[in-house]
């Protein structure tokens, strides 16, 4: 479904910042029905990978295919549901406006937009607040609204950028349950998260990135075995610290 | 093709809804409507050419309002889309970057049209009221055709500026830099005809000035003379209307200019990282 | 808390006091009309709003003039006023109020400002080619303020050729031409007016004037013949009799030949006297 082949991405030098290599020859793939977790410290390149898949940015070298096509083909995104890290909407819009927009761009008939939208909003406990501006939503509500918008058009591939970021424990549990439900439905999911316990529960495979390089790709259990640690979090720390020592 | 239009219109609809719900914009419209109604006070200061002064005032208020809309709201919409990552929420859907540019343009153009429609309606009402209140010799002629023409010229200028702002938003990052560059562009457009006129007056056999004149002519193709779409003076002029040739050329050129700049904006957005 | 409220009240009182004092100072100061920015800069800055800018300059000048105290020397503000009206004419040439105000104020300050007014009025003439009032104003200024009847005649002739011009304008132009020494020019214009006038009574009046003008033109021709023969103009009009003209013409009371070698002028003495009195009253 997604294939990254030796992808390089450098952010150009600016007046206030030096040139910075975000990804240095990263390769990985996501098969149909799989759940792949991107893990790594801040600045590891996780969000860069997601932006490359979504065609927000373009790679300097290497190739990326999504559904056997280039990400530049915008029609691919009809099959992708994207959840951004930070919910950002035009200030005065409601979740209904965004749902209508999503449905219209995905060529859904208006009735289907209405019915599916109502179903999702009810499922995500947003029906009562559907006419309030999105800027008035709490963080948890915004995240759920994002989910509703991402799932409206029944996408095969879900890309979730820090889905649990900023949520309280109840919110996290809700979102986690939703992701597991989507996984059981057979959707492919690519998501990145700092919360390794959640990654461990959800992801079938993980890709560990550190300073733009891939340190591990495989099942969480395999990472634990390789590092001789009991948990994914401990295994992650050992690999990353080892890499830091090696670099020093 | 119809799907393309649907996507463009879907984005335009978002922008229109967002704009109509902004208190700042609503406030701007209310202020402009009040200012236009203030045109009724104008003939306290002008004794003879009341028709001309009133029509200038009414259209000038609309221009100022459109100016504020373009350089504050439109620039913000484009720049903050990126600064606040709103653009990710929008282009994460199956909409190309070119369609994104056209959708933004269509939405903002529609808001501008609404603004001009409201102000134009009230402006015409104000002028008719003033015409009825003064002696015919001071306001002898009010042409509806010329009024609509003047307003069309005004709206066309605003669309040209909007296309330019879209291009600058693609090339330059940040709300304030885009605003500065757009204002500079407008200042050059205003100043260039004055410089050209000055050079033309001083030009004798001087080769240097002839070359300079050609350079200024070339620059006018990039920094258009908006005065050529200014038809204010015809509103109260009796038996006077610009020729069809002049109108078709002027509006045709404006259309071509807007299309070129939108095209360039789409190309810029297609190629750049949204970062 | 009470101290803060007290301090704030003191601050408000101080502000109020200073405000009042400033108002008093400015009320006592004579009203000033600051020079406007150059029209070229305003064109650049205002762009689409240039016409409104012109109207604003007019309004500023108009409001200022409304506040000028009687007895104030107009040369105090003449230059700034002239710049305002010039700027208004540059920014918005078809706006007619500018020219009316210009002609109502500037020429009465002095001959230099009468010339300035004419320069501004010329801009209006270029912008409104069918407007007869503006060339009339220029002609009037040349006649009344600048004592140049030939120039006055030229502009009145221009005014008389406009679509809605009254017929007496042409007559006035020819009269002024003759006053200035261009009697033949006056004859030609009058002949044209007689030929084209439809109203019988007016045509009769023109014919009476034409008869006087033709007699004066004969005397002018006699002067030219004398000059050609003797190499210099005659010292006085009787020197022309009887060789070059049988007798000097006798005119009705309202016409008079005035000869200052080499120029012969046909004057309207009673009008000249009234005008001189009015000019003295205006410029004193």
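General observations
Order of writing sets the chain letters: A, B and C. Residues in each chain are counted from 1.
Quick note on the criterion: a contact is a pair of C-beta atoms (placed from the backbone, for glycine too) under 8 Å apart; a residue touches a chain by one contact, two chains touch by 3 or more.
Quick caveat, the model's predicted, so the values are computed rather than measured.
Touching subunit A and subunit B together: no chain. Nearest to the common centre of all protein CA atoms is the CA centroid of chain B. Separating the centre of subunit B from that of subunit C, both taken as means of CA atoms, is a distance of 42 Å. With each centre defined as the average position of its C-alpha atoms, the distance from subunit A to subunit C rounds to 82 Å.
Counting partner chains per residue, subunit A shows two or more touched chains at no residue at all. For subunit C, the set of residues touching two or more other chains is empty.
Of all residues in subunit C, those touching subunit B in their complex are 40, 43-49, 51-52, 55, 58-59, 62-63, 92, 94-97, 100.
Subunit B makes touch with subunit C in their complex at residues 45-49, 52-53, 56-57, 60, 63-64, 154, 157, 186-187, 189-191, 193-194, 198, 226-227, 230, 232-233, 237.
For subunit A in complex with subunit B, the residues that touch the partner chain are 11, 51, 54-58, 74-78, 80, 82, 84, 86-93, 97-98, 100-102, 104-107, 133, 149.
Within the complex, the subunit B residues that touch subunit A are 3, 6-7, 9-11, 13-15, 17-18, 21-22, 84-86, 88-97, 99, 273-275.
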